[in-house]
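Following are the structures in question.
You will see chain A twice below: alongside chain B first, and alongside chain C after that.
Take a look at the complex of A and B:
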């Protein structure tokens, strides 16, 4: 069996369509604001100038776009779970046992196998939730960024990118969806998200624990892993869509991150990185608008 | 049958075919029983999916480009979303011209629940006419606005299968589901 697959090797049946993040970022319509299920200026009047300029706002059931925004996000969670399952499976298989930098301890493989078990359950739950929300499998495109992070040849960077950064994002997203389920009165969404959230805390904690254990005598390797995690955190702050700010569509779930082994300092760093991502996105938008006006 | 015109006459930011939009709009206008001219403005600069009936005499419609877009292929037309969005607009125009809807509030004054039940009424008729409509999607929309209850589900089915309703009928559904929500 092949080891160390590339993201291009990721197989899907005909229902799934791959969408590149570059296509989304380079959408010429981005001058105006968000994706199709964002909020337009009329809906953002109370959000202040910053959110209004980029169409972001809290995901609440009473927003006009709420039903399709929730469906789109749930489908994104679903494809993320498939990739998380595949990623954990790769990490379980791709490395020989040992103590060397290109090897992993048996206990780490055991944790990855445990994660596979959890993620396959999440796939099943997500399929049922997408069905209950009236969404077809493959109705929305799939960006393979989570699996891409799991393709890193260094097991430690995989844990940093997937378990700490992307599963950390999953904590924030599931927390948001759990609140959405509660406020909307959906009898299953809140409980399913809460159940999956508990597992994600465990997965992130696995990443936190292994990062510390594998680098206890190698601070340089730890610094590289944390830097990679920070890059992924920033990339997937969704242009500021995930942050500590009250008006963010996805709020940083501080309490759950603490349970997952993040220190307050680390959480503050993620909040800072998210703020930077938001400012950079605002600046890019302003520059593109200026170019368009001049042209 | 009236004439259908589209603005813009050619798209530059999205890969939409004007002829396809025009032909589908004409087809659905006829299905809805409309015989006046129809003008549709599509805002291709905006990937959001808002729809508006600007006026019903003459028939002037507005759609943000995302309303017709394929959620899997950015900037491409989706056949189903095109039909559903045009159906929501044109059947609503049909209703606005019906004396039974004379006391319906202006679109801007409709609550989310009222907008939704009216959309469901439009889409049910579109589906009955043989168009591809994602009924489970709109059922979820209805549940979010009217509650996750057996009464709400029954109301959805009733409205979906109906024709010949009045504004009072639709508003009564909203009041019924709201009572069930607040009682629960």
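Take a look at the complex of A and C:
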């Protein structure tokens, strides 16, 4: 078996439909326009620019299309869990044991194997939730962004991109979904998200711990890893939709991130990155409007 | 109320454990090092295969089993220093070259159309041999002096038997016609032949050797 797969190598059955990340992000249902997930027309009209700049509509149980928003998000979580499983599995296999930059310690492989088990359970949980919401596998597209971050030839960058950035995002998403389960009167959803949230904190902590251990004498490598994490954080800040704001679609789960080894300063940086992403989204929107007006 | 000063035997009447065992400390460490090597190669392969199998149920089982074998490898890793091997890497070795050949052959299938070959290698060849070697070790080591190894063997065997059943049922569910039967059988025979040359996961003697008395001894 060869080492270091690419996204094209991922094996899927015939139900899955692959979409690229740009298509996913530009899906009008995720952009806040008419028909956007989680918002009715009146709310969008009142909301002005705020709705348009969000990557995901705010999930409120009383919004007419909230069920579709939740179904889309849950299917996205399900395929994300599959890729997280695959990524952790590949890190068990792709590297020799050792202390060099292209090697990994034995204990890191043990952590990745543990993550495989956790992600397998998350797949089981999320596919059952997906089906209970009336969604079929493949009803929504699969963007392989998580596995892409897990293809990095440097194991530390995999941990930065997947365990710190994307599993960190999962902490925020599961925290939001747990609240949604509570507010929408769905105790099974709330229960499951709470358990998955516990695992995600563990995975992010693994990333934080290994980041510190592997770079204790290599500040340059640490800087590269943090830079990669920041790029991934920005890319998946959902157009600025993840923030500390009360009405944010995905709220930063500060307490759980602290448990997972993030410092307050690091969480502030994620909030800053998200703010930058929101400003860029605003600028893109303004440019599109200007073009439309000129046309 | 029983008299607390009354003399009681150190071994309760139902405790039949005995001192003698078949393995020295050194032989135990050698076997444990072989076990760790096999468990490591197995969990790495299962993790690597997860992305290459399209069948969702298989994918999720491999992810689960990957961790179990990683944990077994950790059990053996921690046992080695207790057996006077302070550098566990030194004994984390294949039993012989044929065992390396076996693991290379078992992990070779890669394509998404090779799930049956992957599963047969693990669940019809390797894991049955692991169960055999662990059972032999369990039944022949000293039940008093080597209790820590016995505990780890029992924990590992519990997982191995569960996983073997999982894997065997997945294989049965994937065999749909005579051609599939042949594919599975051919693959099993190919790998079993290498395993026979290896003598088992801990080399010759993995499941003991039958001492047949010579004609002279028999007649004496």
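As a convention for this text, the second predicted complex is superposed on the first by the 266 of 295 C-alpha atoms of A that agree within 3 Å, B and C clash if a C-alpha of one lies under 4 Å from a C-alpha of the other, contacts with A are read in each partner's own complex, and residues count from 1 in each chain.
The rule is simple: a contact is a pair of C-beta atoms (placed from the backbone, for glycine too) under 8 Å apart; a residue touches a chain by one contact, two chains touch by 3 or more.
Everything quoted here is computed from the prediction, not taken from an experiment.
Of the two partner chains, chain C is the only one touched by A:116; chain B is not. Touch criterion not met for A:279: it reaches neither chain B nor chain C. Applying the stated contact rule after C-alpha superposition, one finds that A:185 touches chain B and leaves chain C untouched. By the touch criterion defined above, A:2 lies against chain C but remains apart from chain B after alignment on the C-alpha atoms of chain A.
In the superposed model, A:102 makes contact with neither chain B nor chain C. Interface residues of chain A facing chain C in the complex, by the touch rule stated above, are 1-3, 5, 9-13, 82, 85-86, 88-94, 106, 109-110, 112-114, 116-117, 119-121, 123-124, 127, 137, 147.
Across the complex, chain B is touched by residues 17, 19, 23-24, 27-29, 31-40, 55, 61-62, 64-68, 70-72, 131-136, 138-141, 184-187 of chain A. Residue ranges on chain C touching chain A, taken from their complex, read 43-56, 59-64, 66-71, 73-74, 77, 107-110, 112. By the touch rule above, chain B contacts chain A in their complex via residues 13-14, 44-50, 64-66, 69, 71-75, 112, 134-141, 143-145, 147-148, 181.
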